[in-house]
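Each structure below is given as structure tokens.
Two complexes are shown next, each including subunit A; its partner changes from subunit B in the first to subunit C in the second.
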Partner chain A sequence: MSDQKRHGSLALDIQGLVVEFHTLDGVVHAVNGLDLSIEQGTTLGLVGETGAGKTTTALSVLRLLAQPAGRIRAGSIRLDGEDLLAKSEQEMGKIRGKQVSMIFQDPMTSLNPVMTVERQIAEVIAHHTRLPERQAVEQARQMLETVGIPGERGSEYPHQFSGGMKQRVVIAMALACSPQLLIADEPTTALDVTIQAQVLEMMKQLRQTYQMSMLMITHDLGIVAETCDRVAVIYAGRIVEYGTLEDIFEHTLHPYTRGLFDSLPNLEDRTARLKPIPGLMPDPANLPEGCAFCTRCAYATDQCAQHRPERFYRTQEHYAECHRCRQICFEKGGSAVWE
Partner chain B sequence: MLKYILKRLISLLPVIIGATLIVYLILNMAQGDPARIILGENATPEAIAQLREEMGLNDPVLVRYGRYMLNLVHGDMGTSYRTNAPVSDEIFARLPYTLWLAAASIIICILLALPLGTIAAIKQNSFLDGLCMVLSLLGVSMPSFWLGLLLILLFSLTLGWLPPFGADEWKSVILPAFALAVSSMASVARTTRASMLEVIRQDYIRTARSKGISQGRVIRRHALRNAMIPTMTSIGIQVGFLLSGSVLVETVFSWPGIGRLMITSIQQRDIPTVLGCIIIFAIFFSIVNLIVDLLYGFIDPRMKSQYA
Partner chain C sequence: MGVTSTAPLLQVNHLKKYFKTPRGTLHAVDDVTFTLEAGRTLGVVGESGCGKSTMGRAILRLLEPTGGEVRFAGEDVSKLSPAQMRAMRTKMQMIFQDPFSSLDPRKSVGQTIAEPIRLHRLIRGKQERQARVLELMETVGLSERLVNAYPHELDGGRRQRIGIARALAVNPKFIVCDEPVSALDVSIQAQILNLMKDLQEKIGLTYLFITHDLSVVNHFSDDIMVMYLGRLVEKAPSEDLFSHPTHPYTKALLSAIPIPKLHRETKRILLKGEITSPIDPPNACRFANRCPHATDQCRQQEPPLRERAPGHFVACFNQ
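What follows is the complex of A and B.
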């Protein structure tokens, strides 16, 4: 496949992304050579623990890293084949909210408390369509109806809405200009479980209606199973396992992914104890030389501590970055089994 | 809303009673004999004794204070020892000048402080930030009367652009208002910077930026209004400093306002006038802070519920 053609069919293509934060205490390596691609019209789940670099990756796409500390050191980010890192700030202004939108984690804090919600939604419409304020507000109210909020409530302020309603407002704002790519950064983490299901269901429907591609950032494998076509597992700023939903759930390769599954409660066997992954993510200011997961991995060997693992491809698409799964996979005859 | 305003106005009463009582007691301890002041050094002891009796100066201090307050309720602020004119006449002749000076300097203060603080916050830790903050530190550190003298030296005596004293033309207000504004400006700029720094790290600012609108617009439409809440408090407090500052600045610039009236009256032990000036200051300060509190509601819809 030629490069051009490959880019053409991808909604988002990130290659070799390196993001650093320069702080007084030194350089924090938040993202370390991350590859990620989303095919048009599909949903990719980006799964990992707190601090793995999920949000940093998302903000890099929008080029909204905290300034001046955050820097994209290397790599490329292509949206629909267009190199986002080569864009000027002004050009990014036409892309943000129009071609790529983002839903942020905490709806409580992501709306401006002193502006009515319809004006907050109308702002993005007016900015990208040059519609006059009144028509933009009219459209904003229609967007509210789309996410299940009566339009006349648009003249209220965020504090007059519940958490779930606020997240609907945020979603309405993100979808107002029908973006090609929607980045949802833990969109339901701050919500009650019952509300979570509602919001997720709504997002799934809207994604279909709007024919969007989506990057679903989460730490919740349940949400991944529910909404995603493909899954990328991120650890210490690198994709450690990537594959289709089935690959990841049925043919888990990486011990870290295995650990994520083991951390989930099992409804069928309620006597089974949870097996949390021991230890913490390595300090991104001081990453180990070899595999970043080796300090927490039950299968780690000397090789893991010293050398960065290459990718091991189980199928053409499904891979993991792990020294051991190659061995285990071959020993067990084609399917890695972690016991 | 109306009920809230009324409640706040009623709560002014204890403020005024407290302020006047303290001042009355202090002046009572510090004063020379008013009868002697009125009659002059050569008055006979008999004449002084007679006047003291007439003025009720032999009564206990609290009785005199009570009598003063009773008159005040009837709109009578007493008679000036110095000019024999009603104190209220003296004060209301000068009040417009002080209001004019105060308004001009608050406006100058806000016009300078908001951009200075905002720029410093956006360009945090840059040279520009350093410059803004050094300027504002300088502003706080300079006594207003000294700055006033320097301003007169430069703009009136050397350059001849602005009148050095008096209140004869509109240009006269510029120098005193600026001298008065500088220290408040510095303090408000610092508050603005701090609250702006806090606000631009908020999630909703990131949300706003993710819509594609420009940095400038994000600051103007989203950040500034949120940052205004602490800034408004600071401005309200600065009005108090502005009033005490006006006493010095009005003297330096021979500005015919209440501040200067107060200084003259203190020097001449003209207690009724001093008291009158202080009451006016207390009322003015309280009203400004009431206005500030009401403005919160306009800036931040979450605060409207407190007006119940």
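What follows is the complex of A and C.
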């Protein structure tokens, strides 16, 4: 089956994902028809602001959405060709940690404070391999060495480690069963910048050693530039622009992506005034009919308010969901490859 | 911005703040000296635990300093009586990091902004006070209809605007901004930074801007000081610091910033070694353990802060 083959080359393939949360205040539309795919061995950056649906997307892949409020309404999620939404809870238990792992943002709250770190890592190993505890702990210590922590520190508790060390422990735990896909949700946001540099460097090396694919969730375009091969920009639960690193950074299409870049202070021209995006992201419980960005967009027309935009493809791969893209690109002199 | 005056607005001399802990004395701020002129912004950068927030609070006497003096417009703040200090607080204010926990959840926007006006008895009449609240809301870009809203109804950016309006309510000259934008998304962060800059130009505010975000501090400050484990290790005009970082710690810090640009040759300095404990620190350079250039002298003596170029101060033996 050619369809099967196509899925086979993708580490992760999400199509048309719709996730809702049913709350007392109404239905929150967190993810609204999201497409996302990661080729084997590559890193995809998922970039967006608070509430855009980044973490919800990640939790949907692991099937860890808050129950019973969170519901996957539509769409498919395939991990290495396998349909995750068709799996039973028991089957998911075998997949989490083994085929796909996740690193959470805050290392302080993702470790168990009353368990030594080696036992926490050994727990994952024992769950997936049925190794006897002693051997599992031995492997856990080796994992600690891999992430740059002396093995004998494994018998210590999380509070005895610094923030950067704790995040290394979390990474060791995520990689303990060599998953094919690693989801990293803002893995360095809670860390200081010099420690962040160390952790990112280590993750880059480990990704090569383990030949992993990675979904890097972040709001920091600097981290994207350093770690990712492709980039997906998410806004109000949809991918509004997707392309290679070069496409996104040097041939930016979507006005929202442009706005993200313009909001950042420029290290080379420190006096340049910042150009923030006016307004706020729409309330996910009350999304506009047309383009979700139209209320903040300087280029919006009546059409934008009424109809959801189609994708505009600049190249075979690079697209943006925007009615005005073609025009905007000409205005800013983007005479690049137009078909 | 270029308001020049003869005496600096703020003079901090040998400021110290120690905390007693079961394991010894923690030197959170250790012998920090600097001056800040009216109308300018001094950025304070450093990593968590370097003492930057403690210093901000010690300057405002929200924490009682252990030693040293803080002179505001020539007056020694650390010697003021509680009543005098209360009056002084109309000149010195603070904007806090977390717009979620720094606002009283049971007070409306209007009540929150009116509170300092009421406490300092600046405007007695209720109607005049309300008019002033609305004026302040307009200044910080909050729509008038939000006057009766409560913090939980508002997003982080709007809450931070309330925090700014509250600080401005007493017409301060000087504001300590403790990580005012680090809890905000980039697009909102830019809105708040622009607002703070406009306010500075309009009312001639002086800022002490504490942050861990180096690209923000570079954009926002005239001068920058770098702190490491309670010590001031380098201070220079922003452009100078970024073009000629001198202290090895500053160099490592600047090289670690992820830059949102492609095809950049980055020579990243990755620091190794354990961080020295700030509890009863040895008489040595506190960065020596992680410093690639450390010598015996660095491990036996504390390097003094010296002026290497006009306005550029560095505490390092080897640079």
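A few points about this structure:
Please note the rule applied: the second predicted complex is superposed on the first by the 327 of 339 C-alpha atoms of A that agree within 3 Å, B and C clash if a C-alpha of one lies under 4 Å from a C-alpha of the other, contacts with A are read in each partner's own complex, and residues count from 1 in each chain.
Definition applied: a contact is a pair of C-beta atoms (placed from the backbone, for glycine too) under 8 Å apart; a residue touches a chain by one contact, two chains touch by 3 or more.
Given the structure is predicted, the values throughout are model-derived calculations rather than measurements.
When both complexes are superposed on subunit A, subunit B and subunit C fit side by side without a clash.
In the superposed pair of complexes, A:287 makes contact with neither subunit B nor subunit C.
In the superposition on chain A, A:27 makes contact with neither subunit B nor subunit C. Contacts of A:173 after superposition on the shared chain: subunit B is touched, whereas subunit C is not.
Subunit A has more of its residues touched by C than by the other of subunit B and subunit C. In the superposition on chain A, contact of A:85 is made with neither subunit B nor subunit C.
Once both structures are fitted onto chain A, a short way to say it is that subunit B and subunit C open up an angle of 70° at subunit A, using Cα centres and rounding to the nearest 10. When the shared chain is aligned, no partner comes close enough to touch A:18: not subunit B, not subunit C.
Once the two complexes are overlaid on the shared chain, A:111 sits against subunit B while remaining clear of subunit C. When the two structures are aligned on their common chain, the gap between the nearest CA atoms of subunit B and subunit C comes to 9 Å. Comparing the two interfaces of subunit A, the one with subunit B and the one with subunit C have no residue in common.
Residue ranges on subunit B touching subunit A, taken from their complex, read 202-204, 206-215, 221-222, 225-226, 299-302. Touching subunit B in their complex are the following residues of subunit A: 62, 64, 89-90, 92-98, 101-102, 104, 106, 109-115, 123-124, 127-128, 157, 159, 170, 173. Subunit A meets subunit C in the complex at residues 49-50, 162-163, 192-198, 200-201, 219-226, 245-246, 249-250, 259-267, 270-278, 280.
Listing the residues of subunit C that touch subunit A in their complex gives 47-48, 155-157, 185-191, 193-194, 197, 212, 214-216, 218-220, 238-239, 242, 252-253, 255-262, 264, 268, 270-271, 275.
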